[in-house]
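Have a look at this one.
The chains carry the letters A, B, C and D, assigned in the order they are written, with residues numbered from 1 in each.
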């Protein structure tokens, strides 16, 4: 099986060759890979180097790899799927709408933006109180506020849509 | 559902009444019973008393309950099953053969008994070396050695039959 | 005062801490819990447990009436409030007293006096304790009064809520022009948080450290201190790392004893009984100023326990039972160095945004010199209802350097899946030069520390991460394909899962 | 002597202990493992890991040649042998030296001298150390010689293998008539275990305690002791509980220093370098006799670490790096009390029969004053190939009483499912009056302690156990009935299992 795996900015072409062999961008490695007792813990030996990582999948299908105190977010795609998807022109859509959803249930303390506002990356969109803390939720990019769906003092559930940015 | 549960020498008639109600030998209790996160750990509140126990099933179907540092072995039987079984005359067979099986893999150091020996409860039947220790395996009751299936110096697997007592 | 059963009016790690102390003293325990905490460790650990109500604190852990009712019903002779919730509520302490239940803490009067920051400042100042310069009055001041007094206090200054705590109702003001708006918002926030909009002014001490002194007092008027804790590593007035001793004081025993003696004076000023903490701001020249007194057990008490060998919670219970202090000031010696990292469900890469979720895997660090205080477990749901503290990781070393190295080791061993934690923040901090040198003030984390910057140049291994993720994803795909023919599925790697599944069906 | 990478030639908890010390010193690590240990903690924790061979020790952890080859290949400058396996093998220490690899332990000559019990006795006796009276010769003695010497030694006496350890090749003899048969079986056992059938005679000291002294020596000839450990709680010469200080010595500092000084003399007699332990038998009148020297790290070293604050493993590594001792005798102070319980996979209700199996659930005690050293984890297979030690539970308290109460608390918190453990034995012991009074000798467990008797009259709750078992069985039956209509099954209680299952498919 061939996969395209993206970690950060970098893409790796990874092929599972069987018999403990893996090729990464054409270089072959012998890996001794084992899940540990059905836990989300994995051990891998490569050339005597020992790697232990916890690995789990996020809801958006990315894999979170915690390895030696560093957190990596990895996107793994079947090469064939990816090719098909690219051909169909899906994905790579940077111009679309960004929707800020509540990362946790809480109380909306303040919405410092209004519909029509021009905003910059890093501007605070919503202040949400949860776990006894006030949390500033910021915009990941420049844009215009197209919709504001919550108001000050409102109690909301996790994943409630709060603000749309276009 | 009605059950007959035996702990040690004592038998309890337990009926699950639903809605958190349980009757034990005719006395009704309200129990708040919860497994803890899919682990073999259980919590139960009865009249404000809090009980936490680990509970798992042995291969012979008995339940091992570890509660406040004490180990209980409980046999739980469906009342109907038990009645049927009793009617068919199964079980309660103290006169049958006892077979000593290896509780773990190991090396037979010595078999101090021979076929035909009369033995008493507590007599050593086999000395088995395992985990760097020599372990004396004793007879649970009086009887006569009917078969000896292992010999000194033999390496055996777990559950190997070693000695029969009649 | 002679009780043999204690009700613990709290949850989480601190409930566990108190339960353990009771267990070691042979005292029976009663837990209380909110609906989502039914399976919590403290419920399972206590001898008795009673439901308080739904998740929100004001319907459960803040229900003083219900807690007292449960104490009476279960015949608990004493209540330990832990920290937070009702721990600094003078009315609750008074209600306990009225019902003949021992409140394991100070007298209601001491709580009330120290709870009003204005009264507290005036009280300790009268007792000869230096306070941060500011508006020296117990009376309520109008905006007009405050605008007049501000230039005398000097800029920059802080507006603070007299009923305050945890940074709420607090505003930094750099000049007179900013004052009116800042006053308005501080009052509004204070009113919302504490039902009281009274505020006062305090001069900003630049480059200050937050150093606090642990005190213990018994019913016979003996008060001792257990040395200091350094708590300058904080973010938005939330402590993140604490240590004892303070690297700023370290071997200056004279300075330690001077601060300690002043702290004891402050406690004496309110006839203090039981465990409490005097917080100070300390400037570069070793001038120190009373900030406030916490009239309860602190989150960070374990670092003091590690270096002094004194079990503060057991000592609290002994004092509440009417015993004399088990120690004189001379008995208290600090040995080695202890550091605590608060492990929070917060994302250090995303503005410390709190995280919620179910703990899917947890493996705690163990071995020499490591202590973990926690109330969470595999399957526990980190909910938005309570604070984000997952656990406290405390280490001891013979020297500060050894303690830091041990903390690095312990952080590396800690495994938690299911919720985002601030462990990477602590890991970066423990490698940061200024932290290692002990060279930081209370603004350090906000102004001088960035995890992204700290991690720059750190050796990473994205290729290995990529291989690992791919292998796990690959295996998942293979398993999905196999799942139809269940009987035949590959048993080598997944043997355990099979066992586990059988066990639970 | 300047190494930056260490190979750990061991497994289980002691491999983890050494790995942690290396990690805290910034030293790189190399693990070695047998086939069934592929997923063991020490393999995952180390920076590098190499396979030795199949499960049996002589094909894996005893393969000196392979271990040295791996050390060379991985450029490890030193080898730490832990305890057991190759730790007291003089040839292995010599082979390391020959290959330019630092052996973290004493010189081969010291190992060899102390390894032959006859030579050891003669050597220390010559240095003025009292030995248990017996056959005082380094030569091999025939049965005839021994039968002649026996009456001089006096009955009861012990026949012991000169190559011995762990109780193998040891026989108690009460009179001359028993001698020939006992000699024969002792020689046979010794030959089988050590490849050597030489034996000697030692007088039995009645009512003796086993008390040992930890020593540390550096390359410059400085040798200090770290006080004593009480190890009289044993069964078939296997230690089960250790503590420091010894309740028999306690506040008799003069006696402690006397034993300590004699222990240092014994170590000096073989130019001892690194960590070692001198074991003594102590009779009621405080006469003490050299028993043997263990030329390695002991299982029970943590109790000494807890009370002295000295990290013995780090100190071993520093010494091996050629550093001077970090302490003088005067620096060593004992503070408080530490107790260790060895948690073994053994059934205390069934003649301590070893148990094997997969750990299905594990929850370690935590909180103040508790340390757990272990190499097992959820899913680990306790196999018959290695010893039955699951973990070491060590607690500290200000006094012995507090340490015992804390140990009770910690034992109660410990949860292990999947393998039978001796935790109930320790729980009974910690409540036994003679143990609490410190009134026991090495025969105590075998002759005076029975778990069944200890549990008589203890409050039990069979009815609650019956209800619990019935509810679990009932739920299992219900689930079995539901499993056909999978999509619909009850999700309230079993939500988690569902999540868990999804996660792993």
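Basically, a contact is a pair of C-beta atoms (placed from the backbone, for glycine too) under 8 Å apart; a residue touches a chain by one contact, two chains touch by 3 or more.
Here the structure is a predicted model, which means the values were calculated and not measured.
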Q: Going by C-alpha centroids, which chain is farthest from chain C? Tell me that one.
A: B
Q. For the chain pairs A-C and A-D, which is connected through the larger number of C-beta pairs in contact?
A. A-C
Q) What is the distance in Å between the mean C-alpha positions of chain B and chain C? A) 47
Q: Take the average of all CA coordinates in chain A, do the same for chain C, and state the distance between these two points in whole angstrom.
A: 31
Q. If you average the Cα atoms of chain A and of chain B to get two centres, how far apart are those centres in Å?
A. 50
(Q) I need the residues of chain B touching at least two other chains; which ones are they? (A) 34, 37-40, 56-57
Q) Considering chain C alone, which of its residues make contact with at least two other chains? A) 45, 360, 363, 377, 379, 412, 476, 494, 496-497, 500, 503-504
Q. Could you list each pair of chains that touch, in label order?
A. A-C, A-D, B-C, B-D, C-D
**Q.** chain D partner contacts - residues on chain C that touch it in the complex
**A.** 16-17, 20, 23-26, 45, 302, 305, 309, 311, 335-336, 358, 360, 363-364, 366-374, 377, 379, 398, 402, 405-406, 408-409, 412-413, 476, 479-480, 483, 494, 496-497, 499-501, 503-505
**Q.** In the complex, chain A residues that touch chain C
**A.** 1, 3, 5-8, 10, 12, 14, 16, 22, 24, 29, 31, 33-35, 37-42, 44, 46, 51, 53-57, 63, 65-72, 74, 76, 78, 103-106, 130-133, 135-138, 158
Q: Within their complex, state which residues of chain C touch chain A.
A: 236, 238, 345, 349, 351-356, 360-361, 363, 384-388, 411-412, 415, 417-418, 423-424, 427, 455, 458, 460-477, 493-494, 496-497, 500
(Q) For a test of understanding, state which residues of chain D touch chain A in their complex under the given definition. (A) 31, 38-39, 43-50, 74, 377-380, 503-504
**Q.** Residue ranges of chain A in contact with chain D within the complex
**A.** 32, 34, 36-40, 43, 45, 48-50, 52, 56-57
